[in-house]
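Going in written order, the chains are labelled A, B, C and D, and every chain counts its residues from 1.
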Amino acid sequence: MTPGLDDDLVSRVTESFGRQAFMQHIGASLEEVAAGRVVLRLPFDARLTQQNGLFHGGVIATIADVAGGYAGYSLFEAGTDVLTVEFKLNLLAPARGAFLTAHGQVLKSGRTLTICALKVFDHHEAGERLCAAGQQTLIKLK
Amino acid sequence: MTPGLDDDLVSRVTESFGRQAFMQHIGASLEEVAAGRVVLRLPFDARLTQQNGLFHGGVIATIADVAGGYAGYSLFEAGTDVLTVEFKLNLLAPARGAFLTAHGQVLKSGRTLTICALKVFDHHEAGERLCAAGQQTLIKLK
Amino acid sequence: MTPGLDDDLVSRVTESFGRQAFMQHIGASLEEVAAGRVVLRLPFDARLTQQNGLFHGGVIATIADVAGGYAGYSLFEAGTDVLTVEFKLNLLAPARGAFLTAHGQVLKSGRTLTICALKVFDHHEAGERLCAAGQQTLIKLK
Amino acid sequence: MTPGLDDDLVSRVTESFGRQAFMQHIGASLEEVAAGRVVLRLPFDARLTQQNGLFHGGVIATIADVAGGYAGYSLFEAGTDVLTVEFKLNLLAPARGAFLTAHGQVLKSGRTLTICALKVFDHHEAGERLCAAGQQTLIKLK
């Protein structure tokens, strides 16, 4: 966890993330939580693959959506909740390697709606590579 | 499986689907396979939930993407493969109940690209409800 | 204009549409206004073309966005306004012929957000053809 | 025009842009052409507005789509053409002021498909502001 952050922001995100059973089921964890920016990490597991043994597109979409959702949520007031209104994702390259990271970054935080940029990278010996990019609309629930 | 279909189409889709380890990991199965149309079914499981116990948005996106992908693939020639170029999904209502169905329907099947409509319904005592709708671009790989 | 409709709904949509200077600039008109459904019509004009003399993609996007926006607005209360949050559009076929129609249809009308399906057809001697399809998120402003 | 660029790239983009009648109809011009990056400029004109006198969303979508299309096209070989497969755009803030700029930037340039990031800014005394952001898929035609 990045040091020096608003504890409340980090603990709110961490607490909500911890209640997402599906994150445990796929093995994703929070790698970075900052104001308006969240990074997830997902190690490779053969149970997460599509027909050719690559990371499944649904897995990539899942961690992208969650990274963006918590990036938005990190800027919300206590006592609110976040829902994804919609997202769009381009799969740019086959995702393989030891692990993925998903990066959610707030582009615009409004009173009701928040818009985030989504990026997913795969990581292998040859380095990291952008394998998906997208954009997401979130709504704040009071 | 719908009777009277081209066996080859059904067996090609079924075979490829069977190699998607992630479908087993979440418990999704093929409910219907027709030319240009595929329906998946996913029973509720507490491991598939988000922070409030509803079906996770990533799960919904996953089965929508797969239903569309195989709807497109059902129209491809033998020896080809399918990749998702991109998709966009609106989450319209909280997804709960005994099971979900995801419906992929080809809107346009071109030489290289195929466009599909995606719909996900949740199913409970009160009936079924549209809980997500989207659109997807696929590419045929030779 | 479709007969037998709620006059208020039709007059609210017609009045707002009439204030969109850009609709006049491209020559678009309202063809149908119903509760949750609006159709625009746009005749061909050489000033509306892209580099190969087809209807420009931006023109297609414009009428799709407006048809959806007023489909949503038709269900809003008096005194509200509508803004497009986002939309996604696939261009499925080259758009040519005497005129285009753009069809906006509400998929889900919520308290704050409304989701619409967008379709654009071109019309020529050979008949009509779906040349674009998309999905849109609207917000109601009070 | 940025100095020192590959003349051929700039002249190919400029020539194709010059054939888009709709760009003249709205008054848009090329502000910058580089390898994988194109910027358009569009001065305010009352004919380009929506019901409240702001730049129309369709105008914003048009220049975003064109900026991305030529950003992709700038990397294509001579003798090819470009078509938009699809794009998604979030409208982030009301667009007003003396002029807009639309920025297309290639994220991934593949053999067949190219993915671009789209951004539109409005410009007024108070400075510039991001008023739309999106993502686009292009196809190379041979």
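To be clear about the criterion, a contact is a pair of C-beta atoms (placed from the backbone, for glycine too) under 8 Å apart; a residue touches a chain by one contact, two chains touch by 3 or more.
Since we're looking at a predicted model, the values are computed, not measured.
Each of B-D and A-D has its own count of C-beta contacts, and the greater count is at A-D.
Chain geometry summary: the mean Cα position of chain A and that of chain B are 22 Å apart.
We define each chain's centre as the mean of its Cα atoms; on that basis chain B and chain D are separated by 34 Å.
Inter-chain spacing, taken between the CA centroids of chain A and chain D, is 29 Å. Touching two or more other chains at once are residues 85-86, 88, 90, 115, 134-135, 137 of chain D. If you draw each protein chain as a dot and join the dots that touch, every dot ends up joined to every other dot. In the complex of the two chains, the chain D residues touching chain C come out as 16-17, 19-22, 24-26, 46-52, 56-59, 61-63, 65-66, 69, 81, 83-91, 134.
The part of chain A that touches chain D in the complex is made up of residues 88, 90, 92-93, 107-108, 115, 117, 130, 133-135, 137. If you check the complex, the residues on chain D that touch chain B are 85-86, 88, 112-113, 115, 135, 137, 139.
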